[in-house]
């Protein structure tokens, strides 16, 4: 189980790092998905010790992630219409 | 009526207000897309006389939910097995959310029309978001917290980016979305770790496990830390506040107001329940985190607010600062502080909403005239509006005679009970700093002449807005002078959560 | 008189009326027309003054008990009461307030030309706050009123003030708020401590005075309270907001500020610092520091005042000097010192209030405050000059006027305990002449060599009506000050008994860096 | 207030339970004595205000208001009423004083009568009441104040009637008398202080009476501020007394002094020295004398009343009043005497060369006050008061006479529109031809002040000088010898400068100018009648207190003249205790044989010779100086002021008053002003800068801090993650 947890942690860290360094909105979003999946992995791992609950949660997380993706992509499309780019570095109308 | 959550039907009763809101939201959504009542597509013929039907309908839904919420006072639950709780703490919080939603709707009437927003979707999203906040407040299970959080967040992401014609709205939406989702990751990871440490996601059970030491310590501590990050992001405290100014500035103003109040309130209520019921046994571990977050937030937010000349952005920093004050209550972790948190959120809802309402009016139901310079001469051209704004600002600043003072005193009382003197001093010192930027707005309003005299005309204040402003200001003064009943109500509401201990003196390091 | 008072059952309701009727008046002002506003405000405040006069006769002089007292639970859960009551000290200050207010309002009829409704409404709001401060016998209530006074004053200075009004208003506001908010924390500390000691929650003065505090706690709390009040007073070196606020404020604002608002600070000294923290208050270091600051205030402010080119600023600095007398009188911790301090408060209220009114009248005529712009006005406006000279003399403490008994007793009290500092403080009487007389000379004496000054009109009937009561008060207080002393004596004695009852401070070094009252942040 | 007035008029409550003999002195309306001038002030003040309003209206249209025509033709009421009210109330008061004085004869005067009117300040430990004290000392003072005061009021009617501020003038003058009476009748120190500062105020107002003139209002201001320095000393002395006695009543202090204070102790020395500071301010002694010469800026009758006869003697009164304290402090006493002697000589040297007639008189006053101080300093309290009284007569006479001269000169210059100085003696000369009566009266006063037998000044001055010499026993004997020599020398100088003044003014050729000469004239009756009365007093006033030795000698006319030691005996109840203390101390120190009787040490001068011898010597010397000066003076070549060459050398040094004013300016005034400016510009603004700096820095930090908010999502995410790491790091421990 520790190994799985470690993998989950590593995945989560990679996702985090991705959000930090990538500037493409979609890729950042995918990195976040990676984080969520790391969580899913951890949940599944824990459910081996604590029963079925953890696996049920995974479904919740996946569902919510899907909903989030729907809204998120819509927003990305909306902003693409304005800026014609999805590079988050160029969205700095709002600052200071 | 008694609920034991053995029957699934019990959940319907327990979640009646939420269900009403969701259902109502769907109805409004459908009515909106039917197009007949969409002012955006109504063409210029109706331009002078906007149809507010959807808005009033939304208000009706909120009232219906409020009735249900009131009805829930007659309901008691048995045991702690249910995924949701029925206690006064939750119900009090619901009042705040419903109030915030109602005020947001009231200030949206003309805004939605002028900005040609899709009224049906807009109002429906507000109702959905409100339902989300209420889920959070009523959650006894971390999963329900998560679900509520996401229902709320996703609705608000959409609301933030709602004005498709406005670049800033879209940019704010994207920033909010990416960072929000990012923080959700942390929240979830924390959830998973806590689950791993305790084997349950029921907050009461977690509390039991933590208290008895049955939880796996390292996992638990990391879990707590990650959960704290998730909540901290939603309430917008330093250093998880970076999105706040940008998003508040970019979002449509009524949405900003709603966000600043309802989202923050929901996150705080859940934050309190999870940490004070679930993790109280580990108080020593998370207390320093909360302490430092509170202190740093108050200092940073107030000082950065000094540099703001965009009123929306200034209010954004102000809302961060207020989150900092509320964090003091969390650090105090006693019943008085918790009651103070509820009371303060209520007050904060009114005063912040009021201030944003004025921003909407001065912004001519749009996103113009947001600079502090634009407020110069307001006292001369629109004295009543200026008086209201002054009342809201004084309340935000926490001035005696207004409810803001009583709220702050309540928080300080809570802090005093836990002998958090340094935090109290930081709080009052930063209050002095905050006086400066609140008063700066007041002095532009009253003591400066309009920069551009031609713009100095009477501003249009729609009737619902007048009602909201008047009622808000009156409530602030009334609660400032006669706060006792409401305070007692908050205190009783907290007392229902038996886990909120009388005093934590022994736990304080 | 007594019969009349009995007939109307003159008791606690009067205090409630004095506190809240200004708000009713405020509503009336707002409801009236722009032209009528000032008359309404004047009528209201005059009526309140007449009402308050009964307090003087109905007050029983020999008693230290609170009179006209009443108490209703306000925020029951925290033991906060809406409690009002007067002892000798608050009595005289309430009367000073109700006396000054109508005159300040009447004196502003010509000065305030714009937004009159707002102005007079704020003046009445201010009156509520100030009377509340002096009448409250619950610390929380006191604090609310104490802070409440800031808001109207902020707007009065900020909207109707001079060129740098915003700067002055904000400076005034932040300075005072800074101190009072720190005091708020101290109040809560005291409250929590008292609740622990007594077993019930209360903010009543009498209960809080019973808190069982260690010397260290007392010193901390004392510092916090003292800071708040010292800023308000103001005590050197916290005084720099005052000249700006005074100079920029419109005449009535300056009048109220000088006559009444500053007294809230010194009132706090007597009301809280001594009885609540008796050990700290008689700690040698504390006493020395406070007195030295007071003495510096007396001499320093007098010197700085002497070189001010702006008459209003000059008078503002003299306020600092006068308040220095109050501070040394209070911390002399003798009957004479305290009695003198109280008398200085009143005398300063009357004389400095009158000075600001007079300067306002000059400003209305000449639209300048530069001393150098005047000269020889004694010939053009002899009545004005007469009133000014009398007021100036009262201000510098000429015996026979209101200024003398207070200064004399404050210095005497100080001398009883701190002879050397007393001698230095007494030089203040020299420097008072050194700042005041040259100003009088340069404004009213010397040659009438400017045409503008030749045109200056003498006092109008309204202005005489404003000044006559003040001048009368200066003389009456100077000749019959005992009417005040006999009313304040029980209070003074009670305060000093409280101080003496506390064990003398042990002769250990004070460690101001202890952390036992303080929680550690972080780990 | 009204009730207080009634109370005042009726007489208060007697607090000191007198012996049976007291019944014989039942004071007659003492309150009314004080009240009358106050009423006069109020009425005249009201008239002045109403008058000033009209005058101000005239100023506004650019005219001078003419009081003689007034508004409706004929004399204005505001201008005629004061002529009656001003002197009228004084006369009333004087009559009442006389009545009381008459009642006091034959009464047992050992204890003063104290009448309490109301409690002034009762704080709980300090009790001060408004009480009047009637005893021999205050009675003498009251007689001088109301009597001389009345004469000067009458004189003023003539002198001031053409002045625009006439009613105001009388208001001030009445007010002054009121305060002066409070000063001498007050039964405790604070009440005395009321009068003390009150007369200072009136002095200030009257010096600056013509306030339109910068120099004159400057002089008034200077007088007030310098006096305040003295008042500071007075205050401290009061504080010290309170700490010792717990009360400030004279009766209690005098009664308790010997028991509460150690002879020669630090406390009593401090008290007396601070009190001396107060006294030297009011009585224009070194180092605070500088205001008095400038005070001549006021109308001349004011100089006569305030700055010669009454107010400036308050310091002497104070020392006499608290004589026990001074007696208990040898250091205090010798300081008083030393300051007196030094002032007497110093001022006399300046007076030698002054050309302004009033300046000569001013310095002469300072010098004579020095004599009085010397007197009370050497223990001759009665003699000090005696000189105070005679000085009041002849100096008032001199001032009023000079006033008459100036009045005449002024008219002459006014009529010819000349701008010459009407007070400069170089512009006078030979005036006796135009104003013979004035010349005569002033000669009488000059002889009196010069100390020529049998004029009043001789007796009083001689007694002081004799006392100074005879006191040269005990610890400070050599010093007293020096004082004696100094006093003798100053007496010779006095004789010289007074004669010089007379010569320059009334004798020789007239230098006023051809045209002006015709306008010179004798003063009107309202002025000359008071002069004559004062002249009478200047001659015979000294006879009430002639030392036994002289009285019984041939100089006393073989007892043919009605001379007596009356004043000495009269004041004995007041100063007795002090004299006893002094003598006992001298006995204890072995400086005086125990068996010697009261005042027994007054036998020998330090260099030998008895009282009579030295009296003879001094009067002969003085006479010689007067005569010599008069003869030599006839040959002086004096030129009118505008033709005079500037002085040089010692004369210039004296003429410029030893540059003391300049010295004070450089050492005291300028540094204080400079420091004040420094404090304002640097300290005050420095504090402001620091406070403002904190605010500014905070704002700056806010501005810099908000730059972190770059708008980049990556940065935000980075900060967020950094926060997470910090929290995790926290959690690790």
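Each chain gets a letter, A, B, C and D, in the order it is written, and its residues are counted from 1.
Heads up, the rule we're going with is that contacts are C-beta pairs under 8 Å (C-beta built on N, C-alpha and C of every residue); 3 or more make two chains touch, one makes a residue touch a chain.
The model shown is predicted, which means the values in this text are computed figures rather than measured ones.
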| item | value |
| --- | --- |
| Chain pair, A-B or B-C, that carries the greater number of C-beta contacts | A-B |
| Chain at the geometric heart of the assembly (C-alpha centres) | C |
| Between chain A and chain B, centroid-to-centroid distance (C-alpha), Å | 25 |
| Whole-Å gap between the CA centroids of chain B and chain C | 42 |
| Chain centre separation in whole Å, for chain D relative to chain A (CA means) | 97 |
| Rounded Å distance between chain B and chain D, as computed from the means of their C-alpha atoms | 79 |
| Sequence positions of chain A contacting 2 or more other chains | 16, 19, 28, 88, 91, 93-96 |
| Shared interface positions of chain C, touching two or more other chains | 174, 523 |
| In chain D, residues with contacts to at least two other chains | 695, 706, 709, 711, 713, 717 |
| Chains that touch, pairwise | A-B, A-D, B-C, B-D, C-D |
| Of chain D, residues touching chain A in the complex | 706-707, 709-714, 717-718, 721 |
| Residues of chain A touching chain B in the complex | 5, 8, 12, 15-16, 19, 25, 28-29, 32, 35-36, 38-39, 42-43, 45-46, 49-51, 53-54, 57, 60-61, 64, 67-68, 71-72, 74-76, 78-79, 81-83, 88, 91, 93-96 |
| Complex interface listing, chain C residues touching chain D | 174-175, 237, 240, 243, 300, 303-304, 306-308, 334-336, 339-340, 376, 378-383, 386, 393, 398-400, 404-405, 408-409, 411-412, 415-416, 419, 422-423, 426-427, 429-430, 432-434, 437-438, 441, 444-448, 454-455, 457-458, 476, 479-482, 485-486, 489, 492-493, 523 |
| Complex contact set, residues of chain D against chain B | 695, 698-699, 701-703, 705-706, 709, 711, 713, 715-717, 719-720, 722-724, 726-728, 730-731 |
| Complex interface listing, chain D residues touching chain C | 1, 4, 49, 52-53, 55-56, 59-60, 62, 118-126, 130, 190, 193-194, 196-198, 201, 204, 208, 211-214, 217-218, 220-221, 224-225, 228-229, 231-232, 235-236, 238-240, 242-243, 672-673, 675-677, 679-680, 683-684, 687-688, 691, 695, 733 |
